[in-house]
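Please read the structure below before turning to the comments.
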Amino acid sequence: MNLYLLAPEISLCALAIVVILLDLFIGRKWILGVVAVAGLIVPAAFTLALWGVNETSFNGMLVVDQFSLFFKLFFLVIAALVILSSTDYSFKFSAFRGEYYALVLLSAMGMMLMASTRELISIYIAVELTGISLYVLAGFLKDPKSSEAGLKYLLLGAVASAVLLYGMAMVFGLSGTTHLNEIAASIPAGGLLANPALLMGIVLLVAGFGFKIAAVPFQMWVPDVYEGAPTPITAYLSVASKAAGFAVILRVFYEALGPLSLDWGIIFAVLAAITMTLGNVVAIAQTNIKRMLAYSSIAHAGYLMMGLAAVSTLDPGALGPSGPGALVFFLAAYALTNLGAFIAIIAISNKIDSDEISDYSGMARRAPILSLALLFCLISLIGIPPTAGFIAKIYIFTAAVDYGLIWLVIIAVINTVISAYYYLRVARVMYLGTPLSEERVPSSWALRAALAFACLGVLFLGLYPWALLRIAETAVSIFP
Amino acid sequence: METGIAISFWILAAVTIASALAVVLFRNIFHAALFLVLCFFTIAGIFVILSADFLAAAQVLIYVGAIAVLIIFAIMLTRETQRGSPSGRLRLPALMVGLLFLATMVFIVVSTDWQVITEIPDQPTTSAIAQALFSGEEGFVLPFEIAAALLLAAIIGAIVLVRER
Amino acid sequence: MVVGLEHFLILSAILFSIGLYGALAKRNAVVILMSIEIMLNAVNISMVAFWRYIAPALMTGQVFVIFIMVVAAAEVAVGLAIIIAIYRSRETVDAEQIDLMKW
């Protein structure tokens, strides 16, 4: 048992405890945010020190490889950005800042473990660690809307994890083990039709994990929870929780159910088409910007699932990256873009105290830089160059074309055109509307730094995507 | 012996299903909670039939002793009894989903060829569970450690949510 | 009549369906929580039955059930905390208007 392999998670948990303890003794609460962000350097340093290692520990339950290390770093960066962007928001729960940061850190720990365990019990506990922290964070404001968001998220999340558990029980009953590699070895020949229990297990697993990534028809919690939760947590949910869901899906489906990839690939292709269409069509009708971005995040779950549907590139001389590689790249691009958009929204809605799109009228004159950043992120969400969103869509579309999913790509392109309408509507209101007042919108340095990081990241990935694409391809190369 | 087990299984199964139905069908929420306790007890009995003695005890301690008591506390604290337990708009679709799920599962359970081992495992299972949980070489130490962090998160969360500002 | 694996699995499926129905159909948050507990118990029965009839040598099935119990307790604690927080804010802010369990 090599504890050093667990060092990033252990140090992150220790950081959470330090933040809670400091909260007891320190009067100036802003220090907590600084400690939480600065402390994230420690787990990040451990992750980088482990870079290139390919080992397992804890009886094969913990696996440290390029895939898990990539996602660990990814979640740490997102946690740092979320904490930075919370500084302008935390006056709403000033008495509980320490607990807030600690829960963000603990949920990040859960997500890191989701990406790096190879055994069903550990996966389940990691999913629940993430879930419970996020349920509390969603209800953190304790006003009726936020509490309702927390309660809905908890109840539906608990139903989803019961379904997930039932699927795990089926898989366990057929294989007699919870280790993913042993499950793969025990899958009987003859495909799914000869084995209905395994098919049911897979369907239940897709349903349980589909909730985490907000895929239709398990998306009904998304709009209410995204609207009611504190805005930094909405950003966190839409980005990190979704990414963790995809990481665990990749791990489980490739490592344990790899021999059946033809069967579950089709399930994901159909779900992808339904999810992106429903998300985009309903988003058009939204008047609240958080709800609009909620449906946009459902639509993006659809685009992301194209990477799962394009199981692997059959043709060695194919044009683009593999499905999982494009998926990982898309996750990174989407994370930066969506975080950027939400950070701008946090600053603006703090001033105008509203999330209605109509209240953003003339915002370009009141907050020129914030509006420009928001516009840039919206352009990236549509997928227009020179942004990360454009490259990510090109990659994932070519991966799907290489796999022969032309019909899915056509649906996705139509959806992209539909989505341009509601994203650009926000831009039109901001740039062509008349300002409701002349007051400027203030923002803190921490928030500006986080916003600058996100926007520059989006621009950088839009111009030089190759480095990250190579990392993404190495990360998913562990899957056969 | 066999028939004794069979008879007790059928009785316990019938009571479990009846009390679970009572939980979701009764309008009086306090009665529903009491039937939930009964349901937990009979499931402990099912565990005994399955020769999982430790789990039967844990079932009584955790589900009856902790979870059911917490739920009854919550009912008392929020005076939920006055509102009762009405069904929402989704009653009929929910019924369809439930029945469809049940039919599918029954079909799958019956049509699958399970690799059954009939010999009865050694009892008591307590020491074997302890070995499986904590032994360094083949144990489930990692989920145990994550569960510690999970409980920490749950404690912090519950305190934050309930405390007045 | 000999009681076998299928009997326990079907019992588990019945319980799970009852819980699923309750979780989807009910409006009272506490009742939904109770239904979820029934679903988790159904899964537990399946797990233990699989341990007993499929893989009795390893204790994996039983260990899984122990972890499910831990998580269930934590989830109920957090859920009831949120319910109490809602009850408080509703009692002080607005008793009548908010129908919180509107899905």
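The first chain written gets the first letter, and so on, giving A, B and C; residue counts start at 1 in each chain.
Keep in mind that, in the parts below, a residue touches a chain if its C-beta (ideal position, glycine included) is under 8 Å from a C-beta of that chain, and two chains touch if they have at least 3 such contacts.
Computed from a predicted model, the values in this text were never measured in an experiment.
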Selected interface, A-C versus B-C, where C-beta contact pairs are more numerous: B-C
Most distant chain from chain A by Cα centroid: B
Chain centre separation in whole Å, for chain B relative to chain A (CA means): 31
Averaged-CA centre spacing for the pair chain C and chain B, given as whole angstrom: 6
Distance from the mean Cα position of chain C to that of chain A, given in whole angstrom: 26
Where chain B touches two or more other chains, by residue: 105, 109, 114-115, 140, 143, 147, 150, 153-154, 157-158, 161
Touching two or more other chains - residue numbers and ranges from chain C: 9, 16, 19-20, 24, 33, 54-55, 58, 60, 63, 67, 71, 74-75, 78, 82-83, 85, 103
Multi-partner residues of chain A (each touching 2 or more other chains): 121, 124-125, 128, 132, 135-136, 139, 142, 150, 173, 176
Footprint of chain C on chain A - complex, ascending: 120-121, 124-125, 128, 132, 135-136, 139, 142-144, 147-148, 150-152, 154-155, 158-159, 161-162, 165-166, 168-170, 172-173, 176-178, 220
Parts of chain B lying in touch with chain C, wherever the complex brings them together: 2, 5-6, 9, 13, 16-17, 20-21, 23-24, 29, 32-33, 36, 39-40, 43, 46-47, 49-52, 54-55, 58-59, 62-63, 66-67, 70-71, 73-75, 77-78, 80, 83-91, 93-95, 97-99, 101-102, 105-106, 109-110, 114-119, 121, 125, 128-129, 131-133, 140, 143, 147, 150-151, 153-155, 157-158, 161-162
Residues on chain C engaged by chain B in the complex (per definition of touch): 1-11, 13-22, 24-28, 30-31, 33-35, 37-38, 41, 44-45, 48-49, 51-60, 62-63, 65-67, 69-78, 80-85, 87, 101, 103
Contact set on chain C toward chain A in their complex: 9, 16, 19-20, 23-24, 29, 32-33, 36, 39-40, 42-43, 46-47, 50, 54-55, 58, 60-61, 63-64, 67-68, 71, 74-75, 78-79, 82-83, 85-86, 89-90, 93-94, 98, 100, 103
In the complex, chain B residues that touch chain A: 104-105, 107-109, 111-112, 114-115, 136-143, 145-147, 149-150, 152-154, 156-161, 165
